[in-house]
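As written, the chains take the letters A, B, C, D and E, and residue 1 is the first residue of each chain.
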Amino acid sequence: MNVTDRRRLLGPSNAKSANIPETRTSSPSKRSEDEIRKMFLKTGLVGNANGSAYLEVDDTIIEVSVFGPRPIKGSFIDRASFSVECKFLPHIPQPNEETFKNQSGSASNVRTGLTTVEQKLSSYIETAFLHSIILEKYPKSTIDVFVTIISADTTSSSNKSLLNLCNWVSNCTSLALVDSGIEVKDMVTSGQVSLNKSTNKILMDPDYSNNYSEDDSVDCVCSYMNMLNDVVVGFWIDGNQDDLDEQTMQKLFENCNGMSKKIRSNFNSYLRGTIE
Amino acid sequence: MELYSPEGLRIDGRRWNELRKFECRINTHPNSSDGSSFIEQGNTKVICMVQGPMEPVLRSQSNPNQANIEISITIANFSTTERKKRLKNEKRLVELKATLERTFEQSVMCKLYPRTVIQVNIHVLAQDGGLLAGITNAITLGLIDAGIAMYDYVSSISAGLYDTTPLLDLNTLEENDMSTLTIGVIGKSEKLALLLLEDKMPLDRLESVLAIGIAGGHRIRDLMDEEVRRHGNLRLSKVNV
Amino acid sequence: MSVAIPGQYISSIYKYTEDENSGSQVEKYVSGRGTTVANIKVPENNKFSSIPVIVATILGKIVIRELKSSTNSTTGGGVDNIKTFIVSVVPKSNSYLESAEDIEGTNISINLPQENDIVLVRITKINPRQAFAEILSVESHGNVIKDSGIGSNGELAHQSIAAGGGSQNLSSHTTIASSQSTAINAQAIDLGETFKGIIRSQDVRSTERDKVKIIECFKPGDIVRAVVISLGDGSNYYLSTAKDDLGVVFAKSEGGSGGLMYALDWQHMICESSGIIEKRKCAKPFV
Amino acid sequence: MSVISITRPTNVYDDEPSDIEMSDVEESGELKKESAGESIVTPGELVTDDPVWMKGHGTYFLHDQTYSSVAGSVSRVNRLLSVIPLRGRYQAETGDHVVGRITEVGPKRWKVDIGCKQDAVLMLGSVNLPGGVLRRKSESDELQMRNFLKEGDLLNAEVQSIFSNGSASLHTRSLKYGKLRNGIFLKVPSSLVVKSKNHSYNLPGNVSVIVGVNGYVWLSKSKQGASSTTSATTNKAQAAFDSSSSGYNPGQGSVSITRLEEESSWEIYSDKNESISNSVRHTITRYYNVIKALAFGELGITEQRIIMGYEASLAYEDVGSLIDKEAMESICQDVINSEKMRG
Amino acid sequence: MILSPAERSYLYDSLIQKPPIRPDSRSGHQFRPLEAKTAFLPSSNGSARIRLMDGSECIVSVKAKVVLKSQESSLIECDIDVSGNRDDSNFVSILKFNLTNLLCQNFPMDVLQLTSKYSYKLFIDCLVISHTSYPLTLLSLATYLALKTTRLPLLVSDVDDSEVEEQPTFSDDWDKSKYLKEMVSSNSKFQPPIFITLGVVGDNLLFDPSTEEEQVLENGLILSWYNNKVITPISNINLASNSNNSNFKGMDPILISKSLALLKKYCGEIVDALDGIIEHDDATEGGIF
């Protein structure tokens, strides 16, 4: 603890910390390369939203609420307007936030609105769902998605954990939209993989917190509408790759699609369970 | 450092009543605005772009009697030697904006354009003293280029008082060290559309400072007028092809 | 009845069956509520061709019902046996199952009012030219907005609620949130606010339309049955009560402070407890 | 073909010394006024102290003297003195043929952007509605206004009158006006449009253009005359070949009454384009670039010049190269040259 | 910008032809002509201005500052100002995210190293004065030019200052200053990364879509190009911001692979053209406009 911390009451100087045993029992490395981490999901938790979903994967906890269709005022619009706002809870460190923060010059350190990282996340989700939602069916309305990141794995300093977060946020948003009863052309599900350049091996849903060597990989998150001709509705490739060729690209997409399909089938059976 | 030497020379070698290099261009952004201009007053560089008069985006901007003039000022982060991130809602900028809007609401014949808005976008690329003066001159030219009716030129210049000597058209170094007055002169008259004095100036010296300011303003007006005519004739010659 | 998940294929648009008894038969499927038609690519001779398929757009149960309509004759052509089915998906929350099936494929989703829908509205304010109302529910479809807890439609709402729904704006969504796809001039409103409608004085009744006095037809707080005649402008739907079965269905006397009133004739209502008679444009109670 | 062309900004001021000595200011300013003062006045300049003149646009009156309020050239028409600004937004005048875009659907009226200071108004009563010209407007028309024209729709119309506050009122009560289909929109400065009797032309290559007085231009596939009366067909074909006959006015005189009825069906408000061949699409893009080039060269835009520019552009096989500066300049030069040759 | 349904369908039908018929007849891989000027801001280390024929315009300034390496998380900081947009709006934030992400990952940071303790930090400020189509390419090309013309003062003090408690000192002579490109090790070429935006319509990929074209695009791609290679980040985006584009939809992943090939074919020319303008630009001549 910082000695100069005068803002809170500190414990007695001779205090002993409680002896809490190591809780992590299972080693996460047991996962095979094409295995997705176990997830917990639940829809309809937020009572006053039109639809909501909650998702936990390891340390990543996401909650999504959907409001709409709600009326707008002002101009007539023949298709609904659609907005997404992703926010990290205030105490959660954001992946790679140092890079995108303006360290110098800016007078205020107060967070106003969304941070650049939150904006990027919001934009990814918006782009990915724009085609899916049948906006034509909701004239004069707005559909608003609010994402709260309750906990995130941010041990990695690069964009890669952001990619993984994009993946889970989009999956969770998909469930929340279905829960809201807003008509969609197809559910959007995503996959995220990492390709190690030296070994040329694909790792599905990589867990960046666990001594994963990340310097030498190219990473991809990709969102699909699997039942609608497997079209790509959103993707983002990032990572340390200095020459991207078609083969690498195809490999990344194929594996993302594989993961997306797995998640889709999981979601299908979950949703089936909620109605029967 | 001596701002004004006993020989009567300022840091940049000017005499007390000399202007810095003043250059202006009209119609610099013909494809993205209704009227535009670029001025260099010493090292202060300002771009002005005017849109309108046009239909306001929001009903609340609409005044049934006259046009609303809205001025937005962007000061580039790189405009000073030391780079500084600037917020748009900085108090000084908000004040500046209000001052300018008031000035031009009087000089532009707003009554001719009811229910419209005149949007003025200012970009300050470099500043070296005389910011308000530079912006005012840029707006005057931008409005003229947009064909918006106004009573006369508003030409602006800063002047300061060093000990007992009035100095014309201050640069940053001078501005930091003496009380500065910025005036906007209407045409060739001795009437002012704008006067800004943010610190103390002895009353008995005010007149001499104003006098040199007005003289400087008239000179600026002539330089601007010359550019307007040059551009206008160029344009007419093209039309007559 | 089987469950459908959004995106799930339900049926192709045409099915061709050959039956020993009835010979060749064409079944035509029409996309109803909760479904849409998507072009799905299928591999065919090393190439892709796309066929139209009816897919679910919401989570719910599939309902396929034959349309016994005269439309058969209009199809003309050489094929005789065309059966038309309407395919819809009914969400779990919808208790209006029977009537939902009656609705043909439309382009506006389940809960939003559209032209010619009958709606129940609550009058919020009146002026000499028109009455303002908020739309509570669409007849045979349920509430316009699913109960969101807050605002005038929510569980927590009382009879009277402040204009604006009494809640904070969700966000400055055009400036802050990611919404590049939205036209800038549309503004989101407060959470809990409802879709608004207006009944213009000329749309109150079908006779003597120029003599209508709004104050003698509606009062704030009245529940009115009306028909949507136009989607209107950015803010309001246009409603009309110019029919016998449309008008006030539920009202309290003395501006809401009195008791429940019952219709005497088509323009008077009586308060049971006090005997006060007030003027309203009443809906014919028994149709 | 090049992927990208990057040029340095051309300095149009090269011909003049850009820096003026401080001391010279007074003289040179005066001097200029002497030589070129005839043509240009600037804000605040005294135009006349003769009270005989009526004060028009661009002037103001103070202490019995008339001053200019804009930079521009003085115009004296009869006894009206006005100053025409060098630049400025389009100012609508009654009778102008304009192209506009709907910005708002309001009670019994549309608001139309025609590049003016204020949006113009198109009253429900000033349009032809489906079901014949003589049909009475019913209340249901008011409710379905958005089915006729909605936000974003383009139309061409005539300025019917100017309101006292300066905004324009439009009408489309003629077959040559109404909603626009089958083409593409572009803008040129309204000052470049030369007013003439007629603003819609059939151009060679089965393309029509409407050059709105407000500088809004609509390029589209020519209407197929085949289905209508024979006289219309021949007339149109003729016009297509005889490009120099600028007086031709499509849709006037040559259309029979039956066609009139036909046209005022719902189809006049359709959003569907006819099928347009690729060759017509290519020709449209060529005209698009030609008009852009004329605007770039600040040449007044007339039917003649569009056609001459088009002919000059045929020297460029690759139409995409017409967007380069040199190509645009050379087209303008060609137009000027051929005008000189014709005299 | 809102187009009428008839305009939209005309545009869409034209763009989906093979080859596409763009409104101004550009071929799929053709950029709109640019006008560029470099090194015109005397108080910045590097600057560039790019303007399109439609009036879109962007000014980029590069300023360098000497910093203690240990105190900086990143040696490049970008800031973007788009006229008419709030700084915290999604539009500006995403531009900023993209540009920062591209430069931080791919810029050769070693050219900024001064001593063992000190380094230069570059502040890249972009000012979008006016834009019609999505301004990312414009921004990135202007940034390229600004970085290429960035000059830094010559270090005269010792490179190894790990033991010295002294700040580095520089030569006062501006003529001795060095271009960033001169500080790169001799065998490699200094070529900052750029972004290329592509529009997707059907099977067609369109370079540098204009604002009208953006209205009917089915999707948009942002790809990065560096040292004659396609690099990351790569992502998709809805280019038609605030316009209610109803054509926007998903795409076949094959198109993304196809876009790589297109970039490889044409981007070399873009970079050559940019380098060409620098060689011919004379900073001392003429005014800014």
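The rule is short, and it goes like this: a contact is a pair of C-beta atoms (placed from the backbone, for glycine too) under 8 Å apart; a residue touches a chain by one contact, two chains touch by 3 or more.
A quick note: this is a predicted structure, and the numbers were derived from the prediction, not measured.
Considering every other chain in turn, the ones in contact with both subunit C and subunit E prove to be A, D. Distance from per-chain Cα centroids to the pooled protein Cα centroid is smallest for E.
Between the CA-based centres of subunit A and subunit E the separation comes to 28 Å, rounded to the whole angstrom.
Computed centre separation for the pair subunit A/subunit B is 50 angstrom, with centres defined by C-alpha atoms. For this pair, subunit B with subunit E, the centres built from the Cα atoms lie 32 Å apart. Centre-to-centre, using mean CA coordinates, subunit A is 35 Å away from subunit C.
Residue positions of subunit D with contacts to 2 or more other chains are 13, 18, 105, 146, 151. Touching of two or more other chains is recorded for residues 2, 53, 79, 86, 88, 90, 94, 123, 238, 244, 248, 287, 289 of subunit E.
Residue numbers of subunit B whose C-beta contacts span two or more other chains: 23, 25, 30, 77, 83, 85, 87.
On the subunit B side of its complex with subunit D, the touching residues are 18-19, 21, 23, 25, 27, 30, 34-35, 52-55, 109, 112-116, 144-153, 186-188, 219, 222-223, 225-226, 228-236, 238-239, 241.
Here subunit D touches subunit B in the complex through residues 12-13, 16, 18-20, 22, 25-26, 28-29, 32-33, 36, 39-40, 42-44, 58, 60, 67, 69-73, 85-89, 103, 111, 113, 117-119, 165-167, 298-300, 336, going by the rule given at the top. Residues 104-105, 146, 150-151 of subunit D touch subunit A in their complex. Of all residues in subunit A, only 77, 79, 81, 98-100, 102-104, 112-114, 116-117, 119-120, 122-124, 126-127, 130-131, 135-136, 159, 218, 222, 224-225, 228-246, 249-250, 253, 257 touch subunit E in the complex they form.
Residues of subunit E that touch subunit D in their complex: 2-7, 9-11, 13-14, 17, 21-27, 29-37, 51, 53, 207, 266, 269-270, 273-274, 276-277, 280-281, 285-287, 289.
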